[in-house]
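Two complexes, one shared chain (chain A), two partners (chain B, chain C).
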Partner chain A sequence: MSAEKQYIDLYRSQKALIDANSAPALNACREEAAQMLEREGLHKPNDFTHVDSEQLLSADYLINLARHEVPTNREDLFTCAVPELSTNVHFLCNEQYIGNTDKINDSRFFAGSLREFAKQHPEIVKEYYNRLAGRKLDTGDKRSSKFETCSPGEAALNTLLCQDGFVLYVPAGVEVQKPLQLISLLRAVDDFMAVQRLLVIIGDNAKASLLVCEHASLLPKIDDASQFPDLLSLQTTEIFVGKHATLDFYCLEEHHEHAYRLGQVYVRLDEGANVDLGEYALTAGRTRNRVQIELTAPDAKIQLYGMAALDGSQQLDNLTFIDHQAPDCQSNELFKYVLDEQAKGSFLGRILVRKGSDKTDAHQTDRNLCLTPDTRMVARPELEIYADDVKCSHGATVGQLDQQALFYMRTRGIPEEEARMLLMFAFMSDVIDGIRIEPLKDRLKHLIEKRFRGELKQQCNGCFTR
Partner chain B sequence: MREENNSEEVLKDITSGEYKYGFTTDVETEVIPMGLNEEVVRLISQKKGEPDWMLQFRLDAYRWWKEQPRPTWGHVLVEEVDYDKISFYAAPKKKTGNGEVDPEILKTFDKLGIPLHERDMLLGNAPAGTPLDGASNMAVDAIVDSESQKTTYRDKLAELGIIFCSFGEAVREYPDLVRKYLGKVVPTRDNYYSALNSAVFSDGSFVYIPKGVRCPMELASYFRINSSGTGQFERTLIIADDESYVSYLEGCTAPMRDENQLHAAVVEIYVHDHAEVKYSTVQNWYPGDKNGKGGVYNLVTKRALCAGDFSKISWTQVETGSAITWKYPSCVLKGDNSSGEFYSVAVTNNYQEADTGTKMIHIGKNSHSRIISKGISAGHSQNSYRGLVKVLPGADGVRNYTQCDSLLLSDTCGAHTFPVMDIQNPTAMVEHEATTSKINEQQLFYCQQRGIKEEDAVGLIVGGYAKEVVQKLPMEFAVEAQKLLSLSIENSVG
Partner chain C sequence: MALLEIKNLHASVGGKEILRGINLTINPGEVHAVMGPNGAGKSTLSAILTGNPQYEVTGGEILYKGQDLLAMKPEQRAWEGIFLSFQYPVEIPGVSMVNFMRTAVNSQREYRGEKALTATEFLKLMREKRAVVQLDNKLANRSVNEGFSGGEKKRNEIFQMAMLEPTLSILDETDSGLDVDALRIVSEGVNRLKSAERSSIVITHYQKLLEYVQPQFVHIVYKGRIVKDGGPELGDRIFAEGFDWIKKELGEE
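Up next is the complex of A and B:
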């Protein structure tokens, strides 16, 4: 039986249980999602990505449909907050929202459980939930690139089984001063799939910053202590940014080799909206990020950053799609990879400028460093342009550290290893420099340094297995 | 004085607008019945008097092709081709018994500016009787529909051991050479259209440059589709033996017809140690009328294998014609220190659609490649660059530079780039850059300020934009290409 069929059967047989542990506004979308999943399927073969989503999704996972209690002792669970970043921290364990450290309850906006929010404000959820993920984008031209950046099938599977998650709702005119931090932990003692959902709604003229930190615990399997369970996180994030609103959304991934992530981020920007979106992978297991950004009205602006430092047998695919639907919009995309040992990376970036989207300014850059002969990098930047008064460019490079620069530093007495480190930090620095939260910038630089020195792994293992 | 006349002529050419090679030649043509089946394949082979291995090669290709679905991944809208409505073999009947070319065809080539008399120079710019200067001459293989008509300078080339003849003759006279190299660079089962070509190809050019020989003149093939309801499937095979050099040119035109005509060619180039091949194309098939009716479907497979160390291949193409272009001249850089170059200008206007680019497959150590692609789209056309740079694990020290720029001349056209880089060796340095923009308004304004009409200014700017590629063409072709460029973008401003 196909994986799609299995999931649909699971839904049909467990419908009562799934619905009972969720909210009506979320349940309302499931039937449509089942049809979408059946129609679109989960797997579309293509030669340019490494992560085998078909294999990942057809494995036998436990799914916490009955919403069994997870331990809620947060101090035990989470130790990896970003220091000195005076944030309001929210916690998500697998897909379940388990509270926050917010002492002053600011009632001007809502940050918390998706399930609770859907119960309290079904009308808002109805207006936004699954509006971006639940549809296939029509690119308006029959010839259009046959390559699909987003997977409607995977999004439908998420909608089909999603019961909880995190929501940030900032009504029009509200400026949230303090950055919010969402720490999301994958934690299980058997092969497990977490169906995670994030919904971010920023009203007109509103402002907010959200930092998502993804971690995975490394606990031995319950029935075989010599093995670690496979953890899969199936994520869908929908972001709506209203007129002249500003959002900073950064996602920091620290996973291990047994953690897999299939994530899709959908963003819709209204007139004059300004969004900073970053995907930073310090360590990954096998990760595929798909990002779809729609610039729907004039003067919208998006900065999209991506960074990946991979080693071992880690694999990471970034698939991005920026859709310029209106004139006078700007997009700027910068992705950097450092691949070591047997790591594999791919970057597929597509920019579409539709008819009439004049004065578009779209730039894309992808730079990659391969450090060993066993690494593999695939870059596929695409420009598809149907308007004439535009400025668009893309640049992509794959190479190694500059031998001349290395030599220069060594002649000045810097040991080779140190010189290599310096060059790698320098290589990564411009992805980080764009970040609009100062303390996060410093923290990230610190983490990257640790990452390249190989100190991160030990610390993280220590931190999560205690 | 002559110079003045010349520029006058150029101006006249430019302003005459429409496709000027659209006439037909009235010669008696032998056309086989329409449709494609095994019998047709056998018939073509029989007509050409081929040996059995050649027939088997064709049949193998045909049987595989029959089972394949038509590829649809290109950024073009190709209408389903009805293979039952195409005749796969058409050849002008030779009127005179002594093997001379039909005077009508000679006239046709005269009209096209292609010298089939061994003393003329291309473009007819030189007054008749200009003394023969070997270096500036070129040898021409002229092909109408399915048959090669004449190959000039054969004897002179033969003195150096160079073989330049039609493909049909090569199969008869040099079967061992043909058999050794045919299908080695583009295997029969490479893709849908190469398989179709392998099954039904009728003629083409064959070139062999022996060891250590530098070909003293440009070799050229000129293709013309004349009959209606036919397709052209030519096959070109170029072999450059150790330390040899050849520059090869290819040109093509077709009459104006309302139907879409199919052109599915295969070009194979095999380059040995230290040899160099330069392949230039000025493609000017009939592009269809202003409303997108008619035009040639140009679906070709071109590939060069740099098999030897220090071998070199350079592709230069100026693509202005065809309703649909689907073409990726590629380089397989197998030899160590081999190098591949690709220079392309693709212009699309009205309802033309082009999906073109290259593949650079790096297998040999220290192999390097360079890609310069310039796309110009106007009218309602769609122009795409599609390219692959692949570095295999054993290829240390690879260097690639890719630049693909697009220029947009109207708000109803499209310009797209689809490059792929697949890097499996950390010592590779691979760079890709692409830009897409409108014609620079400041430059345009500057020209207009100085009294240059907008249309001419656009021509100037486009000429400058394409210069990097056009200057790689041999001199004779460069002049033609420059004129073609101006012609193609005419009336497209605004």
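Up next is the complex of A and C:
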């Protein structure tokens, strides 16, 4: 039986349980999702990526439909590598919202459980939830590439089983000064799939910053690494940014090798909206990020960053789609990978400039370092332009550390390892420099340095053992 | 004891033999000029002395302070006091001069069993040494050599030399591409570092630098060998007549 059929059967047989542990506004979307999943399926052949999502989704996982409480004490759960960024730290364990450390009760906006929000504000959820993830994007021209960056099937599976998650709702005109942090932890003793959902709504002229830290716990009682459970996180994130609103959204991943992540991020920008979106992977197991950005009205602006430092057998695919639907919009995309040992990466970046989107300013850069002959990197930049008066560019490179620079540094007495570290760090600097949350920028620089020195793994093992 | 003894050195790059038996001895405090037509092997010699992995030593040996130099990694040679002023200094985008230099200086100090310099001590040292070659503070805050003019790059080399205070410095065509003022500044920088313990190898095509640094010994490299040794008068004759008379002496043409 195909994987999608199994999930649909699961839904049909457990519908009452799923609905009972969720909210009506979320339940309302399930039937449509089942049809979408049946129609689209989960597997799309793709020669350019590494992560085998079909295999990941075909395996047997436990899914916590009955909403059994996960034994977690968030205070001493673990220390996130980006501590004390703000006073507002929210926790998500698997798909479940488990609370926050919010000391300031700011009622101007909502940050918290998706299930609770859907109960309290069904009208808002109805207006936004599944509006981006639940539809297939029509690219408007029959000559256009048939390649789909996002997977409607995976999104439909998420909607089908989603019961909780995280919401950030900032009404029009509200400026949230301090960055919010969401710590998302995968934790289970058996093979487990978390169906995670994020909904971010930033109203007209509003402003907010959100940092999502992705972790996966290692279990102290298991000594043999091959006995670690497989943890799959199926994530769908929908982001709406209103007229002249500003959002910084950064995701920092520190997954271990038994954690898999299939994530899709959908972003919709209204007139004059300004969004900074960053995906930073310090370590990964197997991850596929898909990002779809729609610039729907004039003067919208997106900065999209991606960074991955991979080694061992880690795999990370980034698929991005920036859709210029209106004139006078800007997009700037920068992705950088450093691959070591047998790591594999891919970057499939597509930019579409639709007919009439004149004065579009779109730039895409993807640069990659392969440190050993066993690493693999696939870069596929795609630029599709149907408007006449635009400024667009793309560039992709795959290379090695500059041997001349390495030798030059060594002749000054810098040890080879240190010189390599400095060069890798320098390579990553511009993708970090753009971050608009200053403390995060500093923290990330520190973490990257630790990562390249090989110190991060040890630290993470330490902080997860409690 | 000689500071450096090169004995019958053979080396090749990409399978092509460039050095075919170099012999050279340098004592503490001496300045040696190495001259020769393009392609003679001068830059290869400096690459071998600093351990450039692109070059392969196929024969001979080098003793530095009595130790086997060829067994040392490039960084260890630096810690032991060897410095090369590159003919073409390398740009390293994203690595700031300050970070680069601090790592270099402190690695050397660690090797010598000295305590790392504090940030304040280090910046003070930078300021002092920058003045030696009149290197702008602006440049010191930029990435290594990135966007530097040709002259600035060469001054930056001498600045690094002043920071590291090498025992044996090799200047590989440090004078090429410099205007008169820059040449004077660079030469003064080199002269300030002269002492009874420190030695230099100066590779050059031009008279001006030799007038400033005044080598006691001049060697002519041709086709991978030192074919003539002499004093300053040998340099003067090369500047006046070129290399043809040497080729004739060797029975060529």
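Basically, the second predicted complex is superposed on the first by the 454 of 466 C-alpha atoms of A that agree within 3 Å, B and C clash if a C-alpha of one lies under 4 Å from a C-alpha of the other, contacts with A are read in each partner's own complex, and residues count from 1 in each chain.
Going forward, a contact is a pair of C-beta atoms (placed from the backbone, for glycine too) under 8 Å apart; a residue touches a chain by one contact, two chains touch by 3 or more.
Computed from a prediction, not measured in an experiment: that's the story for all the values here.
Novice: If you stack the two complexes on chain A, which partner ends up touching A:Arg412: first (chain B), second (chain C), both, or neither?
Specialist: second
Novice: Go through the superposed model and pick first if A:Ala426 touches only chain B, second if only chain C, both, or neither.
Specialist: second
Novice: Residues of chain A touched by chain B versus by chain C: which partner has the larger set?
Specialist: B
Novice: If you stack the two complexes on chain A, which partner ends up touching A:Gln404: first (chain B), second (chain C), both, or neither?
Specialist: Touch status of A:Gln404: second partner only.
Novice: Give every residue of chain C touching chain A within the complex, in rising order.
Specialist: 50-54, 73-75, 77-79, 83-84, 86, 89-95, 99-101, 103-105, 107-108, 111, 143, 160, 164
Novice: Enumerate the contact residues on chain A facing chain C in the complex.
Specialist: It comes out as residues 402-405, 407-416, 418, 422-423, 425-427, 429-430.
Novice: Considering only the defined contacts, which chain B positions touch chain A in the complex?
Specialist: These residues of chain B touch chain A: 72-77, 353, 382, 393, 406, 408-438.
Novice: If we count contacts the way the header does, which residues on chain A are in touch with chain B in the complex?
Specialist: Contacts found on chain A: 48, 141-146, 355-356, 358, 368, 370-373, 375-400.
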